[in-house]
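One chain, subunit A, appears in both complexes that follow, with subunit B as partner in the first and subunit C in the second.
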Partner chain A sequence: MKRLLGVALGILTAIGGFVDIGDLVTNAVVGSRFGLSLAWVVVIGVLGICLFANMSGRVAAVSGRATFEVIRERMGPRAGLANLGASFLINLMTVTAEIGGIALALQLASGVSYMLWVPFALLAVWLVIWRVKFSIMENVTGLVGLSLVVFAVALFLLKPDWGALAGQAFTPSVSGEESVGAYWYYAIALFGAAMTPYEVFFFSSGAVEEGWKVKDLVQSRINVLMGFPLGGFLSIAIAACAAVVLLPAGISVTTLSEVVLPVAQAGGQLALAVLILGIVAATFGAALETTLSSGYTLAQFFGWPWGKFRRPAAASRFHVAMMVVLLAGVAVLATGVDPILVTEYSVVFSAIALPLTYLPILIVANDPQYMGKHVNGRAVNVAGLVYLVIILVASLAAIPLMIATGAGA
Partner chain B sequence: MSKAKRIHPLKIRPAPRPAGLVLDAQLHLLDRQMLDVDGVPVSTVDDVELSGPEPDERIPEGAEAPVISALLTGPVLGTRIFGGRPPSSRLIRIPWSVVAGVDTVVKLGVRSDSLDASWVERWLRHHVIPRIPGGRHDPH
Partner chain C sequence: MSKSSRSLAVVLALLAVIAGLVSGCSPRPSADTLEGPAKEVSSAVRAASLAVDLRMTDSTTASAASTAADDMLGEVEAATDKIHGFDAPTQEERTLRNDVLASFSAISRALLHARDVLTASSGEPAASSDGQARLATVQAELRTATDQLDSLMTKAGIQ
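So, the complex of A and B:
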């Protein structure tokens, strides 16, 4: 019974933890412009993150080594440092976006400008990182983040033409006024939002934090294989809500108000309240994960002691680095830059950096010195290689498309 | 110093295969995590220091084979990435004598706090963390 509860808890937190500000904004933007015609990208992205999160979790559980240690060992200091630089910058952008997201959600709830909420959000995120145990942090934000299910509920309340939605999803086409370039640009953005590298850094380091052993692998696999696809469903529900309400009305998503508009229209104030709670929890959880990830990557590259299972005094560089990251993110927000814009760019840059993260994981998951008899099977390797090709294409196409389409404008 | 005539590598007789475990410095030492005797991460192996002749120095017949004298860490990493050689006095050494085992991690037989390699960690622990409440307690 207790084991069953553990499994259920893991799945629920994986669902709640899957969606972050990047998924929220990108899916709403895409839904409002392209309907469900990019839903297939979410499916591909979710399958990819399942594959590689599972792989990095297995590497961490079997060898006790988190992803970034492995990246440096395998790629050497030069490529490792380039990778660290890229990952760290994207992490910083994502931290900025998530803290902005918390503040924007609180603005929506209170009417007080998000700028005033930023210091509050910073303090709350840091306090949790400084003082709260890893498992509690994960479970609470994940469970409360489940309130985002209200997107799916709202979709039913909106009584959409299901046939038309399915038609958009299964026979994708670019609608009249949108350009093909913008379509593919947002395809890459959605892919980047679903497969953000920080999730893998966080997942593998989390496995070490929680002391996973080989026998825990079954449970982790269930969490990933059930939780992430259900999280992906939530992403598609966000896009569908936007497709039903915003697309016909010609409303474009530039702030969080448009993201929540369909839910408010469908379910009124109560639904809106639940949604805002969900957004705060989801962005808060993601702010914790990205901040920790930036600490993890730095500490693992340089070999510092890291982890929330150590008291801060026993991982001093790790904790000081995270404080600096949080302050840097807030400094960026203090310039008055639009957090939604930061989010949109962060998911595309994530897509660009994807190959750097996923190639070393695939290599090490095949190394018997680390993995013993738990090396990748043939099917996993074939899938991994197919994904590497997709990732590489997306990564190479991202910048030319960004320039050609004026960032999807 | 007149430059010694280089011997083409192909003309050197291969060394006899040593007995016991063979480690490839590139593959098994460089960039590996070092853990102390309690399993606490110390640093990463940023470089390896060998005893014996300097580059371009003439090697007398029958000279002792070079041995690893220390694992290096710290700023030396920069020279591996960007080139150059730091002065010997600036190297942070972990003497090879404290290495207890080489596996997917390099295990040391001493405590992290006894090594120069962890001075930044100790400095922050004593000068920054104590100024913030709660830093010395387990998270809960």
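So, the complex of A and C:
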């Protein structure tokens, strides 16, 4: 019974923890401009993150070490540094976007400018990282983040033309209002949002934090294979809500206050309150994960003691690194830069950095020295290679498309 | 200087020249160049209008609706700044630019009014007759401004 509850909790937190500010904004933007014609990208992205998160969790459970630590050792400091540089910069952008997301959600709840909420968000994130146990932190934010299911409820309440939505999803096309370049630019952004690098580093370091062993692999696999696809379904619900309400009204999403309009229309103030709670939880959870990921990657590269399972005094450089990352994120926001813009760029830059994150994982997961008999099977390797090709194409196309389309304008 | 450093210097110099050329050329008002800012403003005013509608039916809170109006005001300001940067050497282009700016200005005023009314509505139920009347007034202003922009876009050949 206890094991069953553990599995259920894992799945629920995986769903609640899947959506972050990048998924929220990108799916709403895409839904308001392209309807559901990019839903196929979410499906590909979710399958990819399942594949690599599973691989990464297996590396951690079998070797007892986090993926990044193994990459640094297996591939040497130069390859490790390239991986660290890319991942760390993306993490920093994502931390900035998530803290901005918390502040924007609190502005929606209170009407008080988000800039005044930023210091509180910083303090809250830091306090939780400093004081709260890893499992409590992950489970609470994941479970409260489940409030975002209100998007799916709102979609039903809006009574859409399901046939038209299915038509958009299954026979994708670019409307005359939009350019083909913008369509592909947002396809890459959605892919980057679904496969953000921090997720796999957090996942594998979290496995070490929670002391996973080989016997825990089944549970982790269930969490990933059920939780992430359901999280992907939530992403599609966000896009669908925007497609049903905002697209016909001629509204292209550029702010978080527009993302919530369809839910308010469908479910009124109660639904709006649940949604804002969900956005705060999702962005707060993601801010914790990205901040921790920054600390994990730095500490694992330089060989510092790391982890929340250690007292902060025993992992002082790990904690100082996270404080610096949080302060850097807040400093960026203090310049007045639009957090939604940071979010949009962070998901595209994530896509650019993907090969540096996922190729080393595939290499390490095939190394019998670390993995013993738990190396990747043939089917997983074929799928991994197919994904590496997709990742490489997305990565190479991202910057030219960004320039050609004026960042999807 | 090594060969690779020289190549890097040449690439950087070329990029600097291209950046200088690009930033030095201001666009001129035309259906193509005005399309982006006009669509941004059109989307913004429609979003604010939806927020006011939702507030009138008590489906959203004053905070969320006033935040939407405030955000949309920011969008219109950004679009206005873009148009101000346009170079309009001919009389025809100046007229087009000024018409668009006048339309954006009317929308800004309507949005400012909407934001103020939505913020003030936080202390009272939106269903009260006074509240409804004020919201209906700003809704009418937003719709008039939207119609003006739509007809200007049609006149300028912006789809």
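The working rule: the second predicted complex is superposed on the first by the 408 of 409 C-alpha atoms of A that agree within 3 Å, B and C clash if a C-alpha of one lies under 4 Å from a C-alpha of the other, contacts with A are read in each partner's own complex, and residues count from 1 in each chain.
To be clear about the criterion, a residue touches a chain if its C-beta (ideal position, glycine included) is under 8 Å from a C-beta of that chain, and two chains touch if they have at least 3 such contacts.
If you're wondering where the values come from, they're calculated on a predicted model, not measured in any experiment.
Student: Following the overlay on subunit A, give me a clash-or-fit verdict for subunit B and subunit C.
Tutor: After superposition on subunit A, which the two structures share, subunit B sits beside subunit C with no clash.
Student: Of the partners subunit B and subunit C, which touch A:255 in the superposed model: first, second, both, neither?
Tutor: second
Student: Scan A:303 for contacts with subunit B and subunit C and give back first, second, both or neither.
Tutor: The answer is first: A:303 touches subunit B but not subunit C.
Student: Of the partners subunit B and subunit C, which touch A:72 in the superposed model: first, second, both, neither?
Tutor: So A:72 only meets subunit B here.
Student: Under the stated touch criterion, which partner chain does A:85 make contact with: subunit B (first), subunit C (second), both, or neither?
Tutor: Neither partner.
Student: Give one of first, second, both or neither to describe whether A:312 is in contact with subunit B, with subunit C, with both, or with none.
Tutor: It touches subunit B, and subunit C stays clear.
Student: In the superposed arrangement, which partner chain does A:400 touch: subunit B (first), subunit C (second), both, or neither?
Tutor: A:400: touches no partner chain.
Student: Is the number of subunit A residues in contact higher for subunit B or for subunit C?
Tutor: B
Student: Have a look at where A:111 lands relative to subunit B and subunit C in the superposition and call it first, second, both or neither.
Tutor: second
Student: Once the two complexes are aligned on their shared chain, state how close subunit B comes to subunit C by Cα atoms, in whole Å.
Tutor: 15
Student: Which parts of subunit A are touched by subunit B and by subunit C alike?
Tutor: None.
Student: Which residues, counting only subunit C, touch subunit A once they are in their complex?
Tutor: Interface residues on subunit C, with respect to subunit A: 36, 39-40, 42-44, 46-47, 50-51, 54, 58-64, 66-68, 71-72, 75, 119, 122, 159.
Student: Please name which positions on subunit A make contact with subunit B in the complex.
Tutor: 63, 65, 69, 72-73, 76-78, 80-81, 130-134, 299, 301-306, 308, 311-314, 316-317, 319-320, 369-370
Student: For a test of understanding, state which residues of subunit A touch subunit C in their complex under the given definition.
Tutor: Contact set of subunit A toward subunit C: 107-111, 177, 245-246, 249-252, 254-255, 257-258, 260-261, 264-265, 268-269, 272, 276, 406, 409.
Student: Where on subunit B is subunit A touching in the complex?
Tutor: These residues of subunit B touch subunit A: 30-34, 40-44, 46, 73, 77, 80-81, 104-105, 112, 120-122, 124-125, 128-130, 132, 134-140.
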